[in-house]
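In what comes next, subunit A is part of two complexes: it sits with subunit B in the first one and with subunit C in the second one.
Moving on, here comes the complex of A and B:
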């Protein structure tokens, strides 16, 4: 008889690496990594079962501060790389993270396609409305009129609305959090990871060095409106899109949309197809037969 | 007896068939087969008709989505004139009575004598661009090039110019394709990872003969590397800015003064040759400040006749790098190659320092050339007659200036912040010039953001000097040099 396997339990500290973050003191990303530690402890998968992929930016340093397998990869390309990893090893829990510039400017073209391919990925964007690593240029989520080193007279462009975009692209899970409410953020990330399919979490993560005053943790704490408190129906994409239009004006936190009947993921469909074809499949040692005309 | 009326059979116009195969499926008699030959005019593979069992049902004509793919057999042979396409009357009429676009020449506007500036390399380059009449800047932030972009962001709005922070380097280079195609002067600042992303667009610009200036402030790689200085893009700049038959002038400034001068020159050359021009500097040069004398003129750009411009005269101008017919594409390549040959002939630039009596030659560009200059002084104090050869154009490599001094040299020391990419350019240029027995070449190389140090250059040059006892005065090399010069 088989011994019943005792599942090891994990604590937040098990996901913390020895690397000391080099973020500016007070950077919102400190709170995000803490929330990720907590969420991963709650999920209970071993660090070696997790791959954590990011692009390039201050926020993209985050995988290095965890004990998961990390990729601090290419600016704007975290999503395609994560898809490669997930397809290579579908059993891995794959987290993707990065900045708003990484995700919605240079990498913006990958977002709709990652969503419609619907691999089981969790994408966390640390949205600080500015380019942190390159020292304070305009970002795609910068509000119109923002004065930066590349927009001295104020930006002329409308910002991207990450919540509305991802909802419109068809994401099955869309949420927003802030490190001003760490417990809430950890819960949201945990739920996003548990969601089967592509899940998007926009984190309002303040840049203390180049960000605006009203975009700091203290201001967030005063401004945030948890969706739970306003009785939002998270099963309705339309209701979510309605609320998402207030991005940039109101700081709603919580789950905007969670598809009550999640569509099958790409990886699940691939597995299903592979299983269905397994009986007919040519044995590997006879693979060349496929190319030899009978 | 039933009378069978002969119905006309279909004929195929291969130059209008796109090979979609819809007719194949529609034919009840299986008269139509997929083709195997590429049509020279379209680059597509038209179907083939075998009409032995054709009954003229016309189903294939109905299936064909192309208005002129299939036709009824007609007694007169089809003329080679393209068929009249309804809706294009206007364009034809415009083309017929169009005014021919004329080039509006650039004007050099004299500048009053101004006090010299003390600015960093990227600023000097940005100022050079503004003085050259560049009023369109596109760029994506990347250290250590962003300072230059930020200065442009500050100054351009005051000069009725445009600064656009692009969403990526891919977008940047294509914005430049557009503005350059409209006949205006535009530029970007970038650094190595961003430069990699621009290669595709550069190839298209070169193919379509569109000018533009890219200043690449090279940083350490491969991959993200770090923001330390390197010269690791020499290879992609000189050996192929993008796929295909591509080449651009590549300037290698060594001082903030040259950052200004060469950026200004780059704009003139970009329009002279209708080709992008690269200014490749290292991250160190981008940051250091130096005295910069302002030129005696600035440029008020004109408008070339080929520009895509919003008037009837420019209406026929079309920019494209697509030539489906292989023979046309080859002819276009031959034309580009002739242009490159002209650049090789006319555009080589170099700076020779203390080479008249030298017998050890140091070859270096960008910041390493400045360090090497210091090394030359130290070596001379130690009794070694060293000289410096500094390519100002990395492509074309200034072999013509090098060839005459080479026979006097006992040794050559190539100093660079890369894995031998400059040395490769040197060796290739020697080979193309049939200088097959140069003096022994040694090198000082660093990478990863570390620059060659003066003491290393001195030590390497000393060792090279001591290792080669006698002066090489080989007849053949002098002859070869003469040949290159002629």
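Moving on, here comes the complex of A and C:
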């Protein structure tokens, strides 16, 4: 092996907090948090340069298990809070995470606005097709026909398609992963963090307690179709949308879309405007003059 | 699935191979520790005890390799990192279950030993350095010994108690 000139500053274990996860043993979220530690180590930013925001749900406990600034906030409100944090301190690396219920049910209305505003955030949804924390009710991504405690005769609704949803609203980076492929998942999350703008990662994260057999890691491993292996063009939004329609039927993993010419982020534009205004601003001691009639 | 990143077995030297082997043990040790914590938290004491025991075993293996590494390459910094390996000897995070028996826990460990054997066996086909070849062969054979050990432990276990999972169910909660 070649000698690197600089040894990595942070290792995955530097991002593991002292809090012991209370997730059910075997929960897919254990794999997701490991992938996040690895991605953060590869990025190399210090824990105090990172803010991790979530809503409410089993998956939303994830900031507590990560060494960084953390905010386990209100159900469905992770994105507005994260946008506020990023605007207040644009130098922070801001991660947002939560469940499919948090992101596409109660919080679904925030997603399009976060996308069109295009702040430099990485949004990771742990899509287990169920409400885990409240013990197994129907969620927005539950497949039609699913029997749960709130759909005893089987759900009559079509699921939300998180990939198509975010692609259609114009997200610059959309990807999907599963803890069945840890190396692939860590890589996707790292790429999402590096993308300059709003990046969305849908993680098929199995709920071992309330989830279906065909949604577990073993089933994922058998069904997975890495996008790299089918020669998908990740610079084409149309090709990505075409593939994304297979959500729920085929498990495609990897980057669906990455804008080859990323648009300027909202935070960068705000900074630019602040600088332009600061140049024209009157000195502090003359501020009152603006309001005093001469 | 890929088990390593940025490691080329064809050019791997002994120092990096020893570091890699130590990291593999360290990863397994940490994972068994996490499993034991989780089992304790979820009132599954027999599995917790076994996972804690396995953590100790992996710790011993790691220390043995560390001693060898320090003797051969004292004070030479490590280049290989944990981020380059994925669940080689560590059982995978999705494997444990709440209220699993000691037998279930041992079976997870047996699967991990098989996985590790397969890893070294596959790597050996690419390795060129004779020192690395020797090390990996030794580690591969150790994995076989561990498998036998776990199998013997499984055989000694009393039959599983047919508990009822409903005894442990909690009512829905608010948050």
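In this text, the second predicted complex is superposed on the first by the 275 of 294 C-alpha atoms of A that agree within 3 Å, B and C clash if a C-alpha of one lies under 4 Å from a C-alpha of the other, contacts with A are read in each partner's own complex, and residues count from 1 in each chain.
Going forward, a residue touches a chain if its C-beta (ideal position, glycine included) is under 8 Å from a C-beta of that chain, and two chains touch if they have at least 3 such contacts.
Predicted model only: the values in this text are computed from it and were never measured.
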Partner chain(s) touched by A:152 [first = subunit B, second = subunit C, both, neither]: first
First (subunit B), second (subunit C), both or neither touched by A:56: both
First (subunit B), second (subunit C), both or neither touched by A:38: second
Partner chain in contact with A:108 - subunit B first, subunit C second, else both or neither: first
Partner chain(s) touched by A:76 [first = subunit B, second = subunit C, both, neither]: first
Partner chain(s) touched by A:134 [first = subunit B, second = subunit C, both, neither]: both
Per-residue touch tally on subunit A - higher for subunit B or for subunit C: C
Overlapping contact positions on subunit A, where the subunit C interface meets the subunit B interface: 56, 133-135
In the complex, subunit C residues that touch subunit A: 1-3, 5, 7-8, 11-13, 16, 30, 34-35, 37-39, 41-42, 44, 77-83, 86-87, 92-98, 100, 172-175
Subunit B-touching residues of subunit A, taken from the complex the two chains share: 56, 72, 74-76, 105-106, 108, 131, 133-135, 137-138, 140, 149-153
Of all residues in subunit B, those that touch subunit A in their complex: 140-143, 146, 149-150, 153-154, 157, 163, 165, 167-170, 193, 223-224
In the complex with subunit C, residue positions of subunit A that touch it: 1, 3-4, 7-8, 11-13, 20-28, 30-31, 34, 38, 41-42, 56, 133-135, 179-184, 186, 206, 208-209, 216-217, 221
